[in-house]
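Next come two complexes, and both contain chain A; in the first it sits with chain B, in the second with chain C.
So, the complex of A and B:
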């Protein structure tokens, strides 16, 4: 035998890996085929779609600019209020839960588990569903919206805040512990300075998301611009729909600019 | 194993630290410290030397209970540090200052606030939350900043300082506690040789001026011999040398570090 033939055989994948990869490909194709059959595409509607889109755009244009002072403006302001109050409420609730979820700050696995359960249950429910719940509790209106936004945001803010706490530099914490500092003082002088920038970043990011989320809450009666949008949609006032959508777009851009400006100045 | 004579004639100092039969095992059955007994007589500087992984840091960290001992006693100020809990543990810790290898400052706080962190064991939590520290603490912080030569850095953030400056802040923070004992865990290992000597000189002179006994961990034998009045050699989790620097000979170093090619 020659030396070349003796060279150890090398293959990128073991037979088992190759089999696994093939199985994944096969399952992917099967999933796509099954999905296509499940959605039941109606060919007539599909061919028709571009035409319908053009028709919709023609009905939307020109936008009903006059509707802005009539209804949209007040609803927009309400939307921003819902987003802001909801964010503030969620932060107040999420701070203690986040501290409780961080294993290094709260060295009790049972408490960590409870906190993580609370955070997951907050996140597992969509804000529209939270809104439906709170509309049932408080009746339709912005209050239901504020609570819907707050309860959906707890999971987001609490989880990220807890993770930031867990990433805090251990050495500084150790030093304060070694100096005999009580737990609350370690939290204040050890953890807080380290997590503060990330905390404000999380809060502003969530506010930004909440401005967008609160725009649709009105569809289920939880106040804000969504109510105006819903009414216009139901009455086929497509020019008003267009104006409302444009206004939401404007507000989202505005929120983005505000957040970016604050972040640059504060952090 | 030799035992040392502790302050013969005058008895044991009130700030003496008695470590007896100390065993620390991070994993059951694999002790890092295998029954260490040392009496620190509560004055001057004692250096603990030994190879990496031999339990130098573990010994120092067990003294202020950053590490939980498996068995044994650590008697200090009339209490057993291995047993105390809760508030008593915090009070005991607040009497023991500590200087760290990686400085362990709160990077985003000012130098002044890092010094005030040394007082957290004494300041009520509500004052800490409002960051309203007693004026006497602030005055002491300025005195210590003068002593370590960093007064003009008081309002700068700790992360703006160099390594040597940070360790000066670390030493000042530890002395803010008005400690009855100063522990230093490899205080110069992150510093260059010149800065290391400066830091050791500063620590020695400040400890002497404040009349604080020091226990320092180091792997630099020459630095230990130069500054310490007593050297403890640790190897394999037990004390293999205990005596003045002059008595530390090559055969001891062979025993502590193993081999001789490096000598």
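So, the complex of A and C:
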């Protein structure tokens, strides 16, 4: 007939999209409300929080500057060594797993899956929990810290490295394979030059994070500045705690400056 | 011998040895030995540790789920901490991120906001937890507050960066109609950044979930306290049960947050 089909009113989202969004909103509200209702919070503790905070700062000031040369400096150096050695060890362990996780380098889905499972497990367990495990293995001390940092970082470095490998261009790799290069050469001459800048930036980024993380490992006995912090906390030497926190702050800033400087110069 | 090319330069050899890089690797190896000896790392301790690890794993298997009620209670508390910390962290991060964005706000507002974000970022959540445990006592509240601080440090920065990257044309179009500031934000800014905000929020929920399993170690609630106690009592089979529960929860969380991102793409 002559009737022109009436154009449906324009809608931004399909009903399905709207339903999905609505479900997300609903679940969010439900999760927050349930959590608020069931979480055990003792409101009486909250009333004197400002008082407690003031008390804390009064005890912290003035900071015990004399504690720095006595104990803090050596522990800080140890922390940086733990972070650096941990990063190096994690890179050694993460490279093969990252290669295994990249579907284009390792065309076996079973191996990809195993590698991804290893990476997720490494990332899911927090560095403090890894530290607890390695303190049980190696006894208290920086060795446990190095391994905790390394095992926590494998997931991060391996995942990012695997993703970078998957984005590598086929051209150079096909040229090498066509020339009959063995797989070691394909990796070294085909993939490595392509992923090198990304690799170094991942390592620097992780080192920066590891400096922060290694500062708290000592709370469970895994060496570094955390041990000094833990001792001061247990003895309620809040002026020493303040000095330790200030030193940690300084080291974190130092690590960030180093990373930014290296990035600007090299990458 | 390589023959000189037409331009008088020697032809470049393929895969030329890079002596500077080799020197760098050598320096790295030297550092590893130096730092290793400084931290008293040696084969003896490593082998002893491997021996211990064997025994530890022997005692971990099979994982002990007989105290599943305790496990469930701790995991629930960790989840609650993660959800509430993410919710309040994001709620505070929205205004802070907006205040810190240099294309929307004057400099005298962005500087204090940026300082606040930097301060929240600079300390590890565990250290912040210690301070909050002192301020509000043991329990989940200290964990929630500590993770709110961590969330602000991370997510407000990302919010600010996202807002700084928006196109100002739409903002000006809305503004030229005489819209008020809230309307400019809702109709000019928000549609441009919502998808990215949701992505950051999902990421932060993931990250808070990981951290909420740890703040209990310093007494700030959640499964971490149970885990720490199990370690100290050498209940290694229960430790493994807790660790498996944590890994499974976080994997589910990762899948959910990927879904969430897909919905808002």
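List of remarks:
Here, the second predicted complex is superposed on the first by the 240 of 267 C-alpha atoms of A that agree within 3 Å, B and C clash if a C-alpha of one lies under 4 Å from a C-alpha of the other, contacts with A are read in each partner's own complex, and residues count from 1 in each chain.
Keep in mind that, in the parts below, a contact is a pair of C-beta atoms (placed from the backbone, for glycine too) under 8 Å apart; a residue touches a chain by one contact, two chains touch by 3 or more.
Source: prediction; values computed, not measured.
Look at A:177: by the touch rule set out above, it reaches chain B but stays clear of chain C. Once the two complexes are laid over each other on the shared chain, residue contacts for A:46 go to chain C alone; chain B is not touched. Contacts of A:263 after superposition on the shared chain: neither chain B nor chain C is touched.
Using the contact criterion defined above for the overlaid structures, shared-chain residue A:189 touches chain B and also reaches chain C. In the superposition on chain A, A:237 contacts neither chain B nor chain C. Once the two complexes are overlaid on the shared chain, A:143 sits against chain C while remaining clear of chain B. Counting the residues of chain A that each partner touches, chain B and chain C differ, and the larger count belongs to C.
Contact with neither chain B nor chain C is seen for A:73 once the two complexes are overlaid on the shared chain. When both complexes are aligned on chain A by C-alpha atoms, chain A residues 189 touch chain B in the first and chain C in the second.
Listed in rising order, the residues of chain A touching chain C in the complex are 17, 20-21, 24, 28, 31-32, 34-36, 38-42, 45-46, 49, 52-53, 56, 78, 81-82, 84-85, 88, 120-121, 123-126, 128-129, 132-133, 136-139, 141-143, 146, 189, 212-213, 215-216, 219-220, 223, 229, 233, 245, 248-249, 252-253. Residues of chain B touching chain A in their complex: 64, 66, 90-98, 100, 102-109, 113, 117-123, 125, 128-129, 131, 170, 173-174, 177.
Those residues of chain A whose C-beta lies close enough to touch chain B in the complex are 169, 171-172, 174-182, 184-186, 188-190, 193-194, 196.
Contacts from chain C toward chain A in the complex involve residues 15, 28, 31-32, 35-36, 38-41, 45-46, 48-49, 52-53, 56, 76-77, 79-81, 83-84, 87, 122-124, 126-127, 130-131, 134-137, 139-141, 144, 210-211, 213-214, 217-218, 221, 224, 227-228, 231, 236, 243, 246-247, 250-251, 254, 260, 263-264.
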